[in-house]
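There are structures below to look over.
Each of the next two complexes has chain A plus one more chain, namely chain B in the first and chain C in the second.
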Partner chain A sequence: MSREKSFHLLRTTVALVIAMLAAFAVIFMVSDTPIESIRLFILGPFSKPRYIGNIINTAIPLIFSGLSMAVVFQASQFNMGAEGIFYFSGAVISLIAIWVPLPVGVHQVVIILAAAVIGALIMLIPGYLKAKYGASELVTSLMMNSILLGLGSYLMTRVLQDPMASNGSYPYLDTAKIPVIIPAFKVHYGLFIALLCVAAVYVFLYKTKWGYEIRMVGINAKFAAYSGINIVKTIIIAHLVSGAIAGIGGSVESIAMHTRFEWNGLPGYGFTGALIAMLANNNPVSVIYAALFVAYLSTGADIVARLSDVPAEMSTILQSLIILLIASERFLHSFKQRWMERGIAK
Partner chain B sequence: MRELINIIFTAQFLHSVFRVTTPILFASLGAVIANRAGVANIALEGIMLISAFFGVFGSAATGSALGGFLIALLSGLICSGILALFTLYYRANVILGGIAINSLASGGTVFLLYLFTGDKGSSTSVASKTLPEIAIPVLKDIPFLGDILSGQNIMTYLAFIMILIVAVFLGKTTLGYHIRAVGENLKAAESVGINVKLTQTIALLLSGLLCACGGAFMSMGYLSSFTRDMVSGRGWIAVAAEAIGRSNPIITAGASIAFGFFNAISTAASTVGWASSLVQTIPYVSTLIGLFAFSYKEYLKLKKR
Partner chain C sequence: MEYLLRMENVSKIYGNGIVANKDVSFSLKEGEIHALVGENGAGKTTLMKILFGMEKPSSGKLYLRDKELDINSSNDAIKHGIGMVHQHFMLLDSFTVAQNITLGIEPANHHFVDENAAVAFTEQLSTQYNFAVDPRAVTGTLPVGIKQKIEILKALARGAKILILDEPTAVLTPQETEQLFEELVKLKKQGYTIVFISHKIKEIKAISDRVTIMRAGCSEGVFNTSEISEQEISNKIVGWKIDTSIHKKEHAFGEARISVTDLSYYGGEKVPILQDINFQVKSGMIMGIAGVQGNGQVELAEILTKSRRVESGSVEINQADIQSMTIKEMREKGFGYIPEDRQRQGVALTAAVNENLISNKYDTEEFCNKGILKKKKISEYARQMIAEYSVKCSGENGRIDGLSGGNMQKVVVARECMEETKVLIAEQPTRGVDIGAAHIIHQNIVKLRDNGCAVLLFSADMAELIKLSDVLAVMYEGRFVAYYENLSDITEEELGLYMLGIKKQDESQIRRMRYE
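Let's turn to the complex of A and B:
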């Protein structure tokens, strides 16, 4: 491993430790039984097979959103649109999952492909506006999130809503569902789809011309332009790929974890995806570990919230803190200097 | 449609335009000051949310609206101070730092809300105070115009006065000159002895104070309690308004008022029975279109050269 890479690993670890310590401090301040709460937070997620399965199932959508963010981040594009796409693709594919009868296998594939197309088309808007006209993709994608939420809930109330269900769509057809692999853990087959996507994004980013161009534009757009890379095209491709992954994520999450469409608001995967991409240094393979770690944190926070007196939002606070530390170039900077210099001296 | 047009020409509707413009205006002026110093403040949304929260709980703790307002200002100051610390001194990416503050605000306020009230939705159980509405003598007696302009919340008047204050501050004061110099050419400003980091820090803090005014208005004027994620995108709309106004306080204010108008339309349209889920998207659609139109114009200008 190069010194640069091992430094990134070290820095990430230190940031995580500091964030965990901060979480303990918060627990000590708010909990009546702090030691017990901390024990639940740390060890709770491993105490039952169901909880371990829960970590993996929580990690699956996070792998998709992390990958989606990693692709746009690699091109230095700050697009937070994965959030809205997760929700909206979930709503639209519900139409297929409820009303289009197809054989098992084909049904899931059609749903996932449709979601990928929807996601890519949605991302085309902020992507094109940024690449061609320079409109801030951060702002346009956030506006799109709110618009998609409105469109999705319109679809829900006008079409999907089951009058017999208190708050959900008509149930999905059985042929559309993604089954669980091992019943005791309740882990579903979406895991393999997520891993497949990781492999595909890895190959795309590191073994194809387009992937290379995306990374070059991300490192230095001006230089990339001088060396003949079409920046407009590259930025749009990064957005399309990112949108397709987010769309797939939304559809897999819907038909694997739900029996009907029941999201009332944006599910929050977009922001967490940004965190995961950062933890993973935008590397698709590392996204898996980062997603598992964040899933572990939020499972721990959920358990503490259920069995103790600390609200589950603690995991959001933790995540924000981790982002702040990792995003800080100067964090552990003097250590990095010495570490790199020693490497050169050898 | 006719019903909606009828509503638009009522004094009540025009009164509401000023009301809903207020938080956007405060935040966009905050964005102007930060951007003029060369640091994009992406955390407007989060700072507003946090100060909305502390305004409510501050006013309940001190038993006075003024106390709540001051605590809201303090919380906005601390928040933007943290942002300045990480982005300027620890060199965090401005956008990622802002995203972190926004999410900290969203999760942190719900966390604290639950601790204080046992409720994750709103603070209605807390006896908080609201900032006063002011009837302006003479003006209030003029028909129609009085109904529109008088009786607004004190923060609404403050927001519109702030347009001038910010314009004068940036254009005529020494600190304002320094801020603009740093934003336009960092190296040149440094070479004439301006403390760049300090100037940028001050700009971020001022921007935080303006956001805090917007946040305090949200929970102590616009509504009389705190509800989760109550800022709901207004900070981002302000970012767009600032971009369209190209950091000019007057034009930015104009863009904010335009977005405020669409915000008010959205509320009015839901009262005449349009599908609320679609109507709620009007402010965001208008922002998207506004930003597109602005970028397209800039693009054409660049192309001509």
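Let's turn to the complex of A and C:
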């Protein structure tokens, strides 16, 4: 491993450790039993198979959103649309999951493919506007999130809402659900779909010409344009792929973790996805580890919230701190300098 | 106290692992002009940036009048009377000259900037040092020669006694260079000490008292300029004897590959940036374009490479109108382009060397099958190119930003000069490139020409233009003012007069470029 890469790993680790220490400080301030709370926070997630399963299940949608973000980030497109797509694709595929009877297996595949198409089509809007007219994808995608939330809510109240349920759609057909692999852990088969997506995105980005185009456009659009790469097409492709992954993520999460559509607002996976992609340095394989780590933190925070007097929002503070540190270019810069120098001296 | 300033055993290793300086010692005598020479990437600029506080040395010590100096920032350096004029000017284009010169040291009047005092201060400076500048002129509208004067005045205004000039002549015409030299000599007589960074040996001989030669991050020694010959300097710079002569095949030119007819360009301005541009570049011909920076060359190159629109007139490459083609289609017809700005356009800095080598051919059958890149073929090709152009790098998978400027440029040239290249537009192909690399680049451009490629060469380096070109045109204020079909009796001085717009050939000579 080159020193450049080792340094990135080291810097990420230090950022995580600092964020954790800050979290401990917060716990010391708010908790009457700080030591116990910290113990719960750190070790709690490993104390029961169910919790471990919970880490993995929490990580699955984060892998999708992290991947989705990594693809657009690689093209230097700061598109936050995964958030709205997660929600909206979940709402739309609920139609299929509730009312279209299909055999087991086919049903899930149809749902996931439909979600991928929906996600890609939605992403096409900010992608096209950016590529063709230079409209900031950050702004349009954030606006789109609100529109999607409105559309989804409309769909929910007018079509999906089950009058018998207090807050949710009609229940999904059993044939549509993604089952659990090992009951003790409660981990569902979505894990494999997520890993498959990681592999696919990896191959796409690093082994195909489209991935090459995306990366070159991301690194230096001027260079790419003059080399003959079609920037408009490339930006649109990046958006389509990113949207498809987010769509898949939303559908998998819906039919694996829920028995009916019950999101009342944007679920937040998209924004966490930006953190995951950043932690992973936009590398699809590293997305897995980043997602697992963040899932571990939020599981820990949940456990602490349930069993002690520390609120679950602590994990949000943690995440913000991590973003802050990772996004700071100059963080540990002087250390990097010395570290590189030592590498040369050898 | 023999020396005004000493740098002892200075080393600098950059964050990306490049060793820029290794155990370099450097000294200045008071009131001398000291040349610092070496190829690009030899570490001259880094050494001076350390002196000016812009870079921290990894090891080594600085002494000013035998007192150890701790310089942590440019502000520290300025406090100690050290000033630097950078290769790329650090001026705000929208500010007036006076505003630029007093930036950060503005004369204040009750917390408001006193513009009149700033102008008066600038006027006083310019008379004191005999640098004619208009304090109220907007900087962006001024020619480079004047901008350079502003930079020098800026340093003097901050109390600099030691002036570091980083490649000050790179952007100047021969006449402007001469003027600069006169001014430097005057400053020297007033007791200023000047460090003159350059890789032009003639200039060093002309102006410096002593010379420190650098190669590959190390000092090759310091010499009294009068006691060392040009050839000796050159050999020490390169480290071996180098034959940079170029041999061109004698041949007749073929059909027109680049045809520009009645091209005018305003680009939103009221004054034309380009006017009545007509020329043809034929197969097997290198046409050189000379001109002072900012006389339309950049715009012409950008129009030819489609980063600017053709407003009126037509541009044909290989008999096809470029407006009806995408860059991809042009490239498929054998179009190559070496851009002026290597870092911003020529390469993808954080991508690997091999990825940079294939950007114009990654989707050809040779390197790509149904969308899947042929990694093996790409590696093979990259290794072959690295060997052919002797690119110094850690390997084809290493990031290109780990390479020196010269090696980076070799990668660009290797990519653009293919067997299939029928038309090549080369913009400053050897700017900031060492002698060895420049020679390899020259050889390859001439090889293309010998094989029938049409080459349009934009260059600020007069020697390069005269060496490579078959025909040569001079641009001034968006027009061609001179055209030479025979380069044997051109002098740099004469070219300079055309470049400054002092002389102009008559229409009939320039019309010959149309090959009617």
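Of note:
The criterion applied here is as follows: the second predicted complex is superposed on the first by the 343 of 346 C-alpha atoms of A that agree within 3 Å, B and C clash if a C-alpha of one lies under 4 Å from a C-alpha of the other, contacts with A are read in each partner's own complex, and residues count from 1 in each chain.
Definition applied: a residue touches a chain if its C-beta (ideal position, glycine included) is under 8 Å from a C-beta of that chain, and two chains touch if they have at least 3 such contacts.
Just so you know, these numbers come straight off a predicted model, no measurement behind them.
When the shared chain is aligned, chain B comes close enough to touch A:Met80, but chain C does not. Judged by the touch definition given at the top, the superposed model places A:Ser227 against chain C, while chain B stays out of reach. Contact with neither chain B nor chain C is seen for A:Ser6 once the two complexes are overlaid on the shared chain. When the shared chain is aligned, no partner comes close enough to touch A:Ser47: not chain B, not chain C. By the touch criterion defined above, A:Thr33 reaches neither chain B nor chain C. By the touch criterion stated above, A:Glu313 is placed in contact with chain B alone, chain C being left untouched. Comparing chain B with chain C, more residues of chain A are touched by B. Across the interface of their complex, chain C is touched by residues 3-4, 207-210, 212, 215-216, 219-220, 222-230, 333, 336-337, 340-341, 343-344 of chain A.
By the touch rule above, chain B contacts chain A in their complex via residues 42, 86, 89-93, 95-97, 99-101, 103-104, 106-108, 110-111, 114-115, 120, 232-233, 236-237, 239-240, 243, 275, 277-278, 280-281, 284-285, 287-288, 291-292, 294-296, 298-299.
Here chain C touches chain A in the complex through residues 13-17, 19, 58, 305, 307, 326-328, 330-332, 337, 339, 344-351, 355, 359-360, 362-363, 368, 371-373, 375, 399, going by the rule given at the top.
Contacts from chain A toward chain B in the complex involve residues 30, 78, 80, 129, 132-136, 138-140, 142-144, 146-147, 149-151, 153-154, 156-158, 271, 274, 278, 311, 313-317, 319-321, 323-324, 327-331.
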